[in-house]
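Note sheet for the following structure.
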């Protein structure tokens, strides 16, 4: 199967750890993906916020290129990108007038039934549980892990068509595969406020704080995410939140790919775990400790 | 302040919103579940259900100048849970877009609006986002020069801030898309 | 002192009523054995109308006779009433004991009647200290209902406020249960169960009083503590909301039990609870024949 | 001398576990008059009942006390068992030593002592029981229905179809009530007259229904099974049997202006001789003497008489009193709309285009004054924007009534819908406080009015309506968005609240049924006896009971009918014998008993001697109406009235049994 | 010695309802439809309450004559409770309303004549208020127990 890879801007910038770890585990599993040539930004929330047509047209270019190159499915690890790509595909399928305008503008056809996958769909669906399980060399048993999904993976459900929007479990299943214990908590899909991360930092800190403190209350050692925007808020702003609410969190935030990599026995350095703002040292030590016990 | 409902203006505005939204305002029965679940309700001047009602009543000025439409984080919680399947998140997009097109500058939440504008400019000129440039331009525009600056050194240290942005090859096509759809 | 003008008017009215056959009996007052006493008189012939008289010594409530079978058989009756007594007539009409059509009310404007014991000492003028307590609180110097009204030629009663009518009520109310009990135990201890209070009351008209019922025995008939208390309680209860305050029971009591302290207390409480005063309106429904959904409920858990 | 049997039930361990039943039995045996005392595991079982019956026979018992479970459980069981042995069933008393002793107390000694007390009380009570016979009242199997709206018609038809004769009395010249005034009905949009007219015709032609229109009930006396009814048939001035309904008379009437049509709620005029509407049943005109020139101008005008072919107009007809005897009555007098002119802020009566919901109904109706074209009363123009205001008078304790009128939400939604259907491009605004649309299909109907028909609903009351440049300016609020709004309307329709029909309180007094402070008839029990009035034999239906819609009115009419058919299925009406009883010798006729009786069961009885001379008047209890509540007993000063089964001496004996 | 005690015990009235304040006799006049059913419900729910109370059942509070209260005191009751349907719930429409007027007045009269009103209680207990019945009885019993053992009123034989 020909798998297209749409990294999106974040994975080339602030969330480079995500791409590094992703490529690392794919390499370990011997799975090949190809970056869509000359891909462009999906427009993210800015486009849909103030220009609906643009929010369809920008992702459409990427989809059309992928289709032209004969890919059957696209992996967009960034939850925002997968959300926008899926949304564009949905609009193109349901709004013939808009589709005509866009294909005319792009001077490319687009009729694809190509599947668009977020990171979790890719791991569970394309890679498969068996494959992942077989890769686990260093089970993380004893580690309590909270999976944070946020909004973009699950909502709107009619477009995302992914898991239960109110109680998703896919990431928890992946966590379980690593041998770690998934932690259940109340705010799995509450919004962290990513869209206004830069423009309304106070609001964002309140929302992200709610999520982090709930996770903390339920006794997790760390948080895994599959979205660079979530990661930015939970990781980069964590220190600030601790200061604002005057309560320590100390929750390392890992990408799901990093957690899988750790269980595969890959060196944390190779997974760029040291690229996070909240140091994961304690957790890494705990993992080592657990491994030594066995 | 009282609102005099002008039937023609009301119809025009409601019709414009409905056609962009592909949904009917009358569907909303004002149960308030959207407002109940909205994570940013606490900062809003009008609750989401009020925005819907006011749109139906043609209160264009109030709606387009509201904080609410810019504070909405598009998390889709409202639409997902709406018992009537109404596009609550969608109406926020539509109202922002109308505000943008009509040149209504949000007096209270201009940072959000500016961020979106700067973001799209960045896409327009690079095809992709160059984060450092985006942040810099945004800060210049909003004059919030020092906000979040304390994050920068550590982010640089961690390698999160790239000093050079990527540009795509076919920038012409991007320019065309913007020309066709802006 | 009887006023000749008033008496003449009164006699004329009675004479006319009897002559025309509008009534066959006039119940009124006549001069008594001495100047300070008046007695009831029953006039059946027009020529006897001259016996009728009225004065501040007309203390009796003649309405009491309306319940007597001997009187009832006359059919149409004329009656001379003071404002207080007239309320008894109204209450009797409300309770279907007499029909308005069968009674001619000769209402006397009254400025108060002089206490018997003071009158006996020779007092003939109404004054704050000479009249009964009921006169001091009287709001019906002119009867509320009458067919004929005879205005008073006497000087009006002047109230300084120095004499407090029924002051015993407030005193009792402020006592503890034990003190109240002691007070009434002493009073009721005097009771000889002569039932004069009942006989004197215009509204105690039952042909068989509850005290005479023995299946069950509602009241211990022997005159001892509990039976006395029971009798006095039931008498007061049966007159609550009905008593019009003429005071005849107390006047009739041979052992001077202050019955008006009970009657007036109950009248006050009924008015406070239900806004009802007895005998003011023949068309009103008696207070214990009706209810309101919003009646006082605070004492009920 | 009493021969009492005491039976102490163990109820397994339910009683015996906490109460020393043997001790109770022993104590019972000591009481004078108790000739048999027994304890048994389960008195309610067949063997238990059999032993009870055997002992009644053996010992020739005159009374029974069961120390057992609550009388609410098995009193009837034991009464029946006693009756089988020829003992008067009311000679059975229950001491409740389970629910009120063994199940609520733990100390066995003290519980036993209490059980003994309760047993003793009942022994003393049963000693004083007198035989009680249940009361049987003969039934005249004919029914009277007052009010010929949909509820009354339904009741009449159901009773008549059950084979019982019905007299249907209607005040107006035609039956049909309010429903025939309506255009289409929610939520199905059936045409009201299409579904109503056949019922009216059926009622008119039914062999078991005697119809009196333009008639009123003048007087009612008697009680269940035997009501004497006087009906005043008002002078119609037209001989019904001869009239063909041809219409020549009203066409000839010169009085065709200035008399407002009641049926069209003042939106059109009628003549002095008229039928209220074309489908009237019976189709016989009425001559309104208060406006007829013949009566006002000394008999000169007789144009109608001249025009009449069969010469059935008779100016000399007089009111007629008809007397009937019926066994049961349905009161279904319906409703009026509130007078909303007290809302000065809405200008009803001041502005011609501020109209009531019923008026809008007539504007919608094809048989209405505008033949179904919506036109403004002021200038006949078709309005483009209509503002509907809900809860006008309803839910307004200050100016109106505190209750909800129930039908307004739905009829307003219907009005807005029909307006949208009839006037394309029009717009309606509805001000509401809550939408109450709880029946089948109602919510969907209201949503449809909003979503398909574009009516805009604003949550809030209207504060003021005033005229400005030919428009009605409606000042209201939308509380959901928190905005004060102003709408310029062409017409305003007030969803006026409903109140009981004028005079229904008078009728209730005549019938001796209770009514609430608004005048709605009160049910005997709001939940369990909703079709019955407080007086036996009188049933309720329709809006006279309170706000309700058409299907509910039909249901209530049928319910009243089925109650009557059930009642009439027997030849006699049976009442428990535990009723009040007057001691005529000591009664002094103060009639406090009558004042406190909730059932109108007490009347005045004249006692005469042989020569017919009145000796005295006393209170008399109507056994068909008395329920044995005992309020009269408390009201009686001379203790001349008592309730069988709960006599004063029995209560005293119970108290005495507890003496310490 | 022992025998004597036993015999004495037999002759004594059952050990309850005596004249002392620790075990007072309480008589409750209740209506058949609401309060009696409420008391039954307390039983079927196996709630526990003070056993000092003796219930006398009447059809309706409309039938509960205030004079019964006095008779109960005369016969040694230390407390009297009158209970029926809540206003508006009367099985006979208005019996409780009529009686409420009388009770209010009669209660005033009793108090005025020196009866300690703590000994007279009125309540509305519906058929569904088993728990209310229990708390009314328990609280009333406790209250009576806290009063002086000898009631001082003039209706009780000394």
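Letters A, B, C, D and E name the chains as they come in the text, with residue numbers starting at 1 for each one.
Quick note on the criterion: a contact is a pair of C-beta atoms (placed from the backbone, for glycine too) under 8 Å apart; a residue touches a chain by one contact, two chains touch by 3 or more.
What you see is a predicted model; the values in this text were computed from it and never measured.
Student: Can you name the chains that touch subunit B as well as subunit E?
Tutor: D
Student: Once you count every C-beta pair in contact for both, which comes out on top, C-E or B-D?
Tutor: Higher C-beta contact count between the two pairs: C-E.
Student: Most central chain by CA mean?
Tutor: Checking distances from each chain centre to the full centroid gives D.
Student: Any idea how many Å lie between the Cα centroids of subunit A and subunit B?
Tutor: 23
Student: Take the average of all CA coordinates in subunit D, do the same for subunit E, and state the distance between these two points in whole angstrom.
Tutor: 38
Student: From the C-alpha centre of subunit A to that of subunit E, how far is it in Å?
Tutor: Their C-alpha centroids are separated by 74 Å.
Student: Just give me the whole-number Å value for how far the CA centre of subunit A lies from that of subunit D.
Tutor: It comes to 68 Å between the two C-alpha centres.
Student: Enumerate the residues of subunit E that touch no fewer than two other chains.
Tutor: 66, 71, 94, 98, 102 - these are the residues of subunit E that touch more than one other chain.
Student: Mind pulling the subunit A residues that touch 2 or more other chains?
Tutor: Counting only residues that touch two or more other chains, subunit A contributes none.
Student: Spell out, as numbers or ranges, the residues of subunit D touching 2 or more other chains.
Tutor: Those would be 596, 635, 648, 651-652.
Student: Between which chains is there touch?
Tutor: Per the contact definition above, the touching pairs are A-B, B-D, C-D, C-E, D-E.
Student: Would you pull the subunit B residues touching subunit D in the complex into a rising list?
Tutor: 1-5, 7, 11, 24, 26-27, 29-30, 46, 49-51, 53-54, 56-57, 59, 62
Student: Could you list, by residue number, the parts of subunit A that touch subunit B in their complex?
Tutor: Subunit A reaches subunit B through residues 9-10, 12-16, 38-41, 43-54, 57-58, 61, 101, 105-106, 151, 154-157, 165-166, 189-191, 193-196, 198-201, 203, 206-207, 236, 240, 274-277.
Student: Report the residues of subunit D in contact with subunit B in the complex, numbered from low to high.
Tutor: So the residues of subunit D in touch with subunit B come to 384-385, 427, 429, 447, 450-451, 454, 456, 458-459, 475, 478, 480-488.
Student: If we count contacts the way the header does, which residues on subunit E are in touch with subunit C in the complex?
Tutor: Touching subunit C: residues 66-67, 70-71, 74, 87-88, 94, 97-98, 100-117, 121-124, 136, 152-158 of subunit E.
Student: Which of the residues in subunit E come into contact with subunit D in the complex?
Tutor: 13-19, 25, 27, 36-37, 39-40, 42-44, 46-49, 51, 54-60, 62-66, 68, 71-72, 75-77, 91-95, 98-99, 102, 134
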